[in-house]
Structure formats: structure tokens, C-alpha cells
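One chain, chain A, links the two complexes that follow: it is found with chain B in the first and with chain C in the second.
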Partner chain A sequence: MQVNTVKETRITTKAVKGSSPWAIARRKFLKNKLAMTSLGFLVFVAIVSFLAPYITTQDIARVNIGKMSLAPSSEHWLGTDKSGRDVFTRLLYGGRISLIVGLSCTGLVIILGTIVGAIAGYFGGIIDSMLMRFTDFVLTFPFIVFVIVLNAIFGGQLNGLWILILVISFLSWGSVARIVRSKILAEKENEYILAAISIGGSPFKVIVKHLLPNVMSTIIVQATILFATMIVVESGLSYLGFGVPAEIPSWGNMLSSANEPDVLQGKPWIWIPPALAITFTILSINFIGEGLKDALNPRSRR
Partner chain B sequence: MSRLSHKNAPLLEVKNLETAFSIDGEFHNAVDGVSFSVKPKQIVGIVGESGCGKSVMSLSIMQLLPRGVGEIRSGSIVFEDVHLDRMSDKEMNKIRGREISMIFQEPMTSLNPVFTIGYQIEEVLFNHMKISKNEARLKSIALLKSVGISRPEKLVDEYPHQLSGGMRQRVMIAMAIACQPKLLIADEPTTALDVTVQAQILDLLKSIQEVNDMSIILITHDLGVIAEMCDEVIVMYAGKIVERTDVESLFYNPKHPYTELLMGAIPKMDEEAEVLSSIKGIVPSLKNMPQTGCKFAARCPKALPECSAITPLLGEVEKGHDVACILYETSLPREGVNA
Partner chain C sequence: MLKYTIRRVLGMIPMLFLISIVVFSLAKLMPGDSLSGEIDPSNTDPQYISEMREKLGYNDPVHEQYFRWITNFVQGDFGKSTRYKIPASEIIAERLPNTIFLGMMSLLITYVFAFFMGSFAGRKPYTLGDNIISTFNYIGLALPSFIAGVFAIYIFAFNLGWFPSNGSVNISLEPGTLDYWLSRIHHVLLPAIVLGALSTASYTQFLRNDIIENTRKDYVRTARAKGTPESKIYNTHIMRNSIIPLVTFLGIDIGVLVGGAIITETIFTYPGIGQLFLNSVTQRDYPVLMAVTMLLSFLTLFGNLVADLLYGLVDPRIRLD
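== the complex of A and B ==
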């Protein structure tokens, strides 16, 4: 609630000042009920996940043989898994990992992709050709195989989680680079870019101050889609056993116990919570993405 | 200014400029051996049809040709003793916006839609001066006021989409004159505006020119604008200068057949012409440009058989009046002199 009132006061001061394209987009987004509900849900998931140590006092790693595979009860809200660990606790901590992986990968991919795409699009010519051929090259890597191999090579040298993040990011920036490049190519034909150069702006300044703000809407929408994708990728890899190290709880790791028919059929409390968490998180991120796309599109008047 | 050795030395001197565009791997000259100079405080008009190389020339002077597509093939552009054509991008950035500025044709697209007006004017100042945020803001308000905007304090915080075309062009002018450049290149500054606003913008440019002692290169295809503004006029056709003279003799005594036709194409209020006169044909595209002879020969009503064989030179027919047409002896190729 408090978050909401703070936001609203900021909007009113902005509206008085003049309606920047961003202010208009924000107003449109705030009116979109589905997107706002989704955002609320996502914020809730994030808060609960990151405050996990204060919400639950269970130890995530401790194996408790006496309490294996217990059904939900007042002591263990969502029961325990096959090693006797509290599912609710693991769900919260798992959300933390999934969100960290999703956010970090998205951040890295967007940064890398934007840098490569912007430079290629702005300078064109040989620089463009070289960068884009390199991008094509990276995009041809078979993703799963590479993640597995690289993870195996580098595993154990660094914290396993960060290896995974770096490897996923390094293999995924290509599509963002392509999108940013094509956007920059179109945007740089505008006369205000020529005008910006004609007042003595260096290439760096023109790219950062004039081109990127104008392609930002595309990048933002792309980022939300990526965020959802990255959570799915992490879950998928962890489910297969090639993602986050097994001792760290993540939604994907938790799901992988559903491999066993016994768990799948008879102990739904072990795998349904992470499955629902993934589904609803992805859904809400996608709704937010749609909302942003609508809000940032100057032609939509909703 | 101290670098100028004597008073009448040109501010800008363009010599034998050839700017070419690469089409399918071949270079074709869009500006083909153009020489002219601009003196301090002078307004030079460049007039010609679409596609005759006016804009390419202005982009050449500013070194803003599209990378990898257009390039200066030969000739020199000297601005106050420095060769612009030999400068690196970094050195050029110190001149662009500071010594030479440019205003563009389309005010609707030449301002960045995501920034406030004030921000964009301040950017010019920050590019070239050591100035605090607050000073820059005050200066941009003053600049907006000087280009005739009535409520500059409010306008600095507004976005381009909230302004009309004429207002935006005023903002562009404010940006261009922010650092008091010595030369302003105005590439069809009024083409996209309606007639009353056109007149206001031209008046504004003229008064700024007088106050700031700056020179202007005014590129246009509107002879009315030329008549109102310029001291000297250059008529271009297909990348070449066909006539150069002062504005009086251009209107009362045009020499080149092309200029005569241009004059004839001005609609006159007192004649009841049913059909407006025009020049037959179009400027040949870069790829189809005749290599020898006069490039206008194919459309010229006074063309002689020799026209397609002899390339006319720009020669002085009367004092201060140069024409490139073999109807005049001065344009015939001379021994030992090559174009």
C-alpha cells in the first residue's frame, strides 16, 4: 500500500511538469489492471523470497531422516521432501535463486546485447559485419550442450550459481544484439541524430544519449520476455540436473524429484508448489511485458 | 577571428570539391568539382532542383556524409585556414556546433522526441563550454527568447511533440546559434513550414545574422527565399555550379539557360497562366549522368550540337558574374587549363 501512494504522488508532480513520453507510458501502465496485478504478485514473490530467512526458521540443507516425505501439516505447511527437508522453506529459498538467476542473466544479456547491437548498428560497415558475424557464430552454439559442457569445465572453480549465470548469458545475448541493431539502424536515419552530430556530439554521446533512449522501450519489453525465459531455462536445466548445483534449492531442482513415479503419483506436495510458483511467476512476468509493450507503444490508446 | 589575415579573406573556401556516393560498388559524383567561397557576414544562397547536390555539399562541409556510402573524393574545404576535409572526427566535433552549425529541413524530426527542449539546447553548450547546469539552463532560456519564443521559461521543460513546426524550427535555430558560430548552414530551413511562418523564420535568421556577425549558407529551391535573404547566389545543376552572381543580377540578368528557366518557373500573381511553366524532364540520376558535355544539354531549349561534347567551364562573363555554358566564350575550354 505504501509503495502505491509514493508512486502516485510522483506521478502527479510529473504530470504537472509536462508529459514526457515516459510519463505517458507510466500512466498507461498504471491503468492496465492485469499488468498491475501481475506486478503486485511478482513483487510479493520477490519480497517473500528475499526475506525467506525471516519468514521461516527451518534449515534448508539439513537432512532429517526421521521426517522423510511427510504430508503437509501445521508444522510443515507444504510437507517435507524425500530427504526430510521442509518444502515451504525450500520453495522460498528456491524462488530467491530462480529470481537471482533470471534477473542476473537478463541484466547481463541485455547489457552485452545492447552494447554489441548499438555499436554494430551505429557504425555500420566493416564493424557491423564483423560484430554480426560473431553474433551469428554465438547463436549457432547448441545451447543445452554448451551449457552442460561449460558448466562441467568451469564447475567447482567458482560458485556454481555464477558459473551458470555467466554461461547462460554468454550464449544468449545474440538475439538482443540483433534486435537492438535493427532498431538502431532505423532510428539513426532520423534527422535528430544528424542534428546531434552536427552540434559536436561524439559517437559515444550520440549512441548513449540520443539513440539508446529512443530504443529503450524495445529493450525494456525485450528484458521482461528474457526474464521469463531465463527462469524457464534455469528451471529446465536444474530439472535435468545440469543447472544450479543440487545442494542449492531452486524451483527447477525441486521439480526434478518428480522424476520418480512414486513422488509424481503419491506425493504431489513435493512438486506441485514449485510447479505452480514457476507457472504463476512466468505468467505474471509475461503480463507485465505485455502491459509495458502496450504502454510504450505510442499508437495504443488504452 | 584573429586568425584572419585580412578583412576580406573568405571564411570558408571550397575548392574543386568532388563528393561521390557508392552505388553498387561504383562511385558516382553527386558534387562534381564545385568551388566557391563565403566571406564573413555574407549570406550565400545555393539554389537548384531536387537532387542537384545542394544537401550533399552541405553535408560535405560538415563532414556528415553517411559513413561508407558517401565520401569526398578530391578538392579541399578550408574554414579559417584549417582543412575540414583532413580533420579527424574528434577535431571536427570541436568545430561542429561551435564554429559551424547546421539547421535542417524537417523540424518535426530533427529534435529528439524523448528529451525536453531545454535539455537539448543545454547539450550544445555542454559539448563546447565549461558551464554549470544552472548557467546552461539560464542561457538556453535566453536563447529561446532571442529566437522569438514568448514563454521560454515554460518551454524549456516541454517536449518536442508539444510544439508546432515553426516553434521547433526556432528551437533548432536556438541550438544552432547557441555557441555563436561563425557560419550557419541552413539546409532548406523553411521548406517544411507554411508561408507565414516561413517569412518569420527568414526574418529571424536575418536579424540573428546581423546581430551575431555570422555568415550563412542558405540552401533552398525557393527563389523567393533567395531574393529576400541572400547577397550572393550559386545555381547548381547536377552537382555542378552553372551560375554564380549577386542576387540582383541573378534576377534581372540571368545568363545560364537553366537559371532563365528557373526564373520562368516562378508563378506570378499578375499573369493569368492556366498552366505553370516548368522545366521538362528531371535531373538525371547519379548513375545515368552524362560523362562529357553539359549535363543540362538534354533538357536545354538552347542546346547546340556541341553541348553534349564540350564540358563547359565556369567563366566570368561580367564582373562578379560567372556562368558555365558554352553560349558564352568564357566557358569554352582553354589551352592548358583543365576543369
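== the complex of A and C ==
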């Protein structure tokens, strides 16, 4: 693996000598037009969503009976929904919630999965088999079914948003743990790990300083895929009415108005914006993921 | 193979047992108990309520309640729905065929589409047709099913009027007649396409890549050198090798269908198990909820089992460990 990287470096970058794998990956990524456009789009969506209070001055919560279901106009760019709330404003605030849920779930899942996977892979033996049996057990639950049941139990007790994030994360770390474990298993056979252990490095230090940096590229690619998946999960659950509490605007919650036939058929301005927002966000994250996978793979020569 | 099969099937039993404990504990943790559905709601006399609690066994220790539930459960008594006042098993038996029908149709659509698109794209890679198919695949993989479903209803049911937008059959038709079955197929087609889109895309992509990979293998070169017609190389030699790995996807598909059915059935208001599950959560119909959750978990486990067995069948090395 290591030899291979060096060789590829010489082939792809004749002019620049001795750039680090990360520098090569960065250059490859910057050259990927599709991934860069997607990144630009995603950054734009994130900035616009997080600056929502400064961009629009509309009240997201106030029900305005006089302005119910208005078609798009210069005053309401994307029209108003059935309670008279401005769709454009809700779209911005909804993006904020959807991105926060997506990012938090991804972060939690990656942290949990990496910890479990790294411990199982590094120590092996009985610790490995116990942890992996537990992982298998968590993975056998039909995901959607148990997210809905757990969310119904705990949903009313605390701030619903954080319960949702915890429930989703708790049920999805399994696959990351498996991937990290298999990577660590392969990586720890290298001699530099033996060297690190023999000079007295503690397991914690060996894992954090030597093993994790070498499996980081896999983790990063996994995180991108997860980010897209988590946005789908959040909006899907909210669409069904079992996700983010109904009073908080999220793309999924906005889309759930499409469940009413008259909205779906006659008032497309209410549900098409969130549907397109979800679709384009997911597509752009996927393109970024593909780009990262390509850039971090020393064998690809694009 | 037999030994491997037996070991895998037996391995399911402790898993099911653990899942039943989890399902039972979750149902106990849910706010309120099913008592509210079992008793006469107009009688609010505290003595009557406590008597009923005692009679229905809600005051027994938790493990006794669990064993009572699981004993009845394995004998096919899932309890009485607190909402519909009929045994949960009857409601499930009424809904399950719809979901199975939907799943079968979706698998059929997946196989047919993936076979033709995949073999075409694999045979003529990097052409216009391949690029179009790849674009479709990318959309199929990235577009969430609920968005695809909403757009499908908007375009094909409302604007074009090709398909009905909800239900499983035209209720005015007599069951058993040809029209009845045609109406069922007509109703199930759109949900099945939406449900199968994801699998279709991944099958097609897999088949395409596998065919391209196989074209470079020695046995294909040998066949070419012997002068075998190109169509025969693709249709017989390569296809046989590329189809086998696809078989193993069937098990994973069962799990995907279980999760997908919940969403798809809700979008299309299709009366199946998924919709029943969501309704039972909203209405706090615990006996039905527990039975459906167990059923869906069992189906997922069964899917994993099928996947493992098929892997073993296709690749004998897996059976050894």
C-alpha cells in the first residue's frame, strides 16, 4: 500500500516532488469540476440556511389566516402554505434543521462507530467477538421500525430534536464500526504498529496516533455517504410524521403537507421547494463523496 | 451445505428471543398501557379500573407478563387489537397479502428492468445508451423513495391520470374476477416501481460493471479466439457468470422491502403491513404494534438468513467457517 502510493505519486505528479498523500488528494479534488460545483452549492445552502434570520424577516411560527395558500408573488417568493406562513422563509429555516440533524447524526455515528470498531479491531480476541456480536445484534433491527418506536417512546419527554438525533445515531453506528474494524485489522499487521507497541506506546496512543490517521480516508468517505443518508432519514421520518416535531420547520415536515391530496394536486409551490431542496442537497453530497473517494484513492489517476 | 443451513437457522432462534425481549420492553416503556382500550371508557370508577388492571394482569411482575405474552405469541395468539376489537392476527392476515403482493411486484419489476438495462449497458459501455442508463441509475440511487413517490403521484396519477393515486383495489369490483385482479395490478404498479427503483439501480449498475469486468477475462478471450459469435459470448458465457452474484442480493432486498414498504405504503395509502404499523404507533394499539414489529423484525432476520445461505450456495468457501 505504502509503496504503491509513492509509485503513483511519481506517475501523477512529475513536477512536484514529495507531496504528501493529503496534498495529492486535495489537488485531485480541486480538479474535479462536478465535486467542486456540488461543494459550492452545499456551502451556499448551508450559509443561506444558517443566516436565515438575517435574510428574511418573516415570522416562521405565526399563523396568518388572511394569507392562506397564496400562490408565489413578489411579496411571497414561493407563496404561502395552508397556515399562511411564507414558504421561502420556512425553506431556509427548514434547511437549518435538516442540516443540523444530518451533521449531528453523522458526527455521533462516526464517533461511536470509530470507537467501537477501533477497540474491537485493535484488541481482537474476546473483546472483538463481544463487541461485534453486539454490533450484529443492533444491525439486525429493522432500522425504520425501531427508530419510529423509540422516537414514539422518548419523543415527548425531552426536546424532540435531540431525542431524534440520539435515536437515529444509536441505531446506525453498526456499519461504520464494521468498516473501521476491518480496516484496523488490516492496518495493525504493519510493522510500524509493532514498532510503536514495542517502544512502549499505550494502546490509546497507538490507536489515535498511528492507526486512525491511516484509516481516516475511509472514515471521511463514510462520513460523506452517511451525511446524505442521514438527511434522507430525517426528512423521510418527518415526512411520515415521526421525525422532527411538527412545530419545528424542516424539509421533511414541509414535504409532509404533500400527504393532503389537494396540496399535492393543486398547490405544488408548497411541496416542490422542499422536495427539490432535499434532492439537490443529497445529490451534491453524493457527488462530493464520489469526488473524495476518487481523490483519496491512490490508485485512481484522474 | 445442510450442516451450514441448520447452523444458520438455529442461530436465528436466540436472535428472535432477544428481539422479542426488546420489543416487549419497548411496548412497556411506551406512554400509557393498552388498558385504556380494553375497558369500558364510560366507567371511570377507580375501583373498576383497578379490578380490570388486576384481571388483565397488568399488576403482575414484568417477567411473568413477558412469558404470558411470548407463550401466547408463539401459539399464534397476538392479543386483541385495542382499536378494532378483533384479534391482531386477523388484522395482520388481512393486510399481509397486500404487502407481499407489493413486494413481489417490486422484485419482478426490479429483475426485469435490471436485466435488460444492465445487460445492454454492459454490452455497449460508454455509449449514449449506457450514459442514459447510468444517469437513471444515479437518480434512482440518490433520490429518496418518498420524494420519488410524491413526484410519481403528482405526474403519473394526477397530471397524466395513468395510475390511481391510492388504495389497493377498486372497491366496487367483485373479488376473484379478472377485472378485480387487473385493478389490483393497476393499483400496485406505481408503488412497486417506486419501491423497486433503488434496487433496480443497484442491480443494473452491478450487472453492467460485472459484464464489463468479465469481458476482459481469459475465458472470454478463448471463446472469441475460437470464433464464437459475439451474441453467444454475451448471452451465454458472460451472462451465466454475471447473474450468479446477483442472486445473493435477494436476501438484502427482503430487508430493503420491509423498510421501504412502510414509506411507500404511506405515500400511496396502500393498505399493507407498513401502514398498519404506523397507524398502530399513532393509535397506541399495542398488541398490533408488538405483533407487527415482531413480524417485520422476523422478515429482516429471514432476509439476512436467505442472503447468508445464498452466499454459501454461490461461494462454497463461506460455508467452511
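Please note the rule applied: the second predicted complex is superposed on the first by the 284 of 302 C-alpha atoms of A that agree within 3 Å, B and C clash if a C-alpha of one lies under 4 Å from a C-alpha of the other, contacts with A are read in each partner's own complex, and residues count from 1 in each chain.
In this section, contacts are C-beta pairs under 8 Å (C-beta built on N, C-alpha and C of every residue); 3 or more make two chains touch, one makes a residue touch a chain.
Everything numeric here is computed off the predicted structure, so don't read it as measured data.
A.B. asks: Please determine, from the superposition on chain A, whether chain B and chain C clash or fit.
C.D. replies: They fit side by side.
A.B. asks: Could you look at A:A152 and tell me whether it touches chain B, chain C, both or neither (first, second, both, neither)?
C.D. replies: In the superposed model, A:A152 contacts chain C only, not chain B.
A.B. asks: Check the residue A:A46 against both partner chains and state whether it touches chain B (first), chain C (second), both, or neither.
C.D. replies: Neither: A:A46 stays clear of chain B and chain C.
A.B. asks: Please work out whether A:G236 is in contact with chain B alone, chain C alone, both, or neither, and reply first, second, both or neither.
C.D. replies: It touches chain C, and chain B stays clear.
A.B. asks: In the three-chain superposition, say which chain, chain B or chain C, touches more residues of chain A.
C.D. replies: Here the partner covering more residues of chain A is C.
A.B. asks: Where does A:A258 make contact in the superposed view: on chain B (first), on chain C (second), on both, or on neither?
C.D. replies: second
A.B. asks: So in the superposed three-chain picture, is A:A196 touching just chain B, just chain C, both, or none of them (first/second/both/neither)?
C.D. replies: After superposing on A, A:A196 lies in contact with chain B but is clear of chain C.
A.B. asks: What is the contact status of A:I115 with respect to chain B (first) and chain C (second): first, second, both, or neither?
C.D. replies: Touch status of A:I115: no partner.
A.B. asks: Of the partners chain B and chain C, which touch A:M36 in the superposed model: first, second, both, neither?
C.D. replies: Neither: A:M36 stays clear of chain B and chain C.
A.B. asks: Determine the nearest approach in Å between the Cα atoms of chain B and those of chain C after overlaying the two structures.
C.D. replies: 12
A.B. asks: Pick out the shared contact residues on chain A: the ones touching chain B in one complex and chain C in the other.
C.D. replies: none
A.B. asks: Taking the touch rule as given, give the residues of chain C at its contact with chain A in the complex, in rising order.
C.D. replies: Residues 15, 18-19, 22, 26, 29-31, 141-147, 150-151, 153-154, 158, 165, 255, 258-259, 262-263, 266-267, 277-278, 281-282, 289, 293, 296-297, 299-301, 304 of chain C touch chain A in their complex.
A.B. asks: Flag every residue of chain B that touches chain A in the complex, lowest number first.
C.D. replies: Per the stated touch rule, the residues are 62, 64, 67-68, 89-90, 93-98, 101-102, 104-106, 109-116, 123-124, 127-128, 157-159, 161-162, 172, 175-176, 178.
A.B. asks: Could you pull out which chain A residues touch chain B in their complex?
C.D. replies: 17-22, 123-125, 190-192, 194-203, 205, 209-210, 213-214, 216
A.B. asks: Per the contact definition, I'd like the list of chain A residues that touch chain C in the complex.
C.D. replies: The touching residues are 137, 140-146, 148-150, 152-153, 156, 228, 232, 235-236, 239-242, 255, 258-259, 261, 264-265, 268, 271, 275, 278-279, 282-283, 286.
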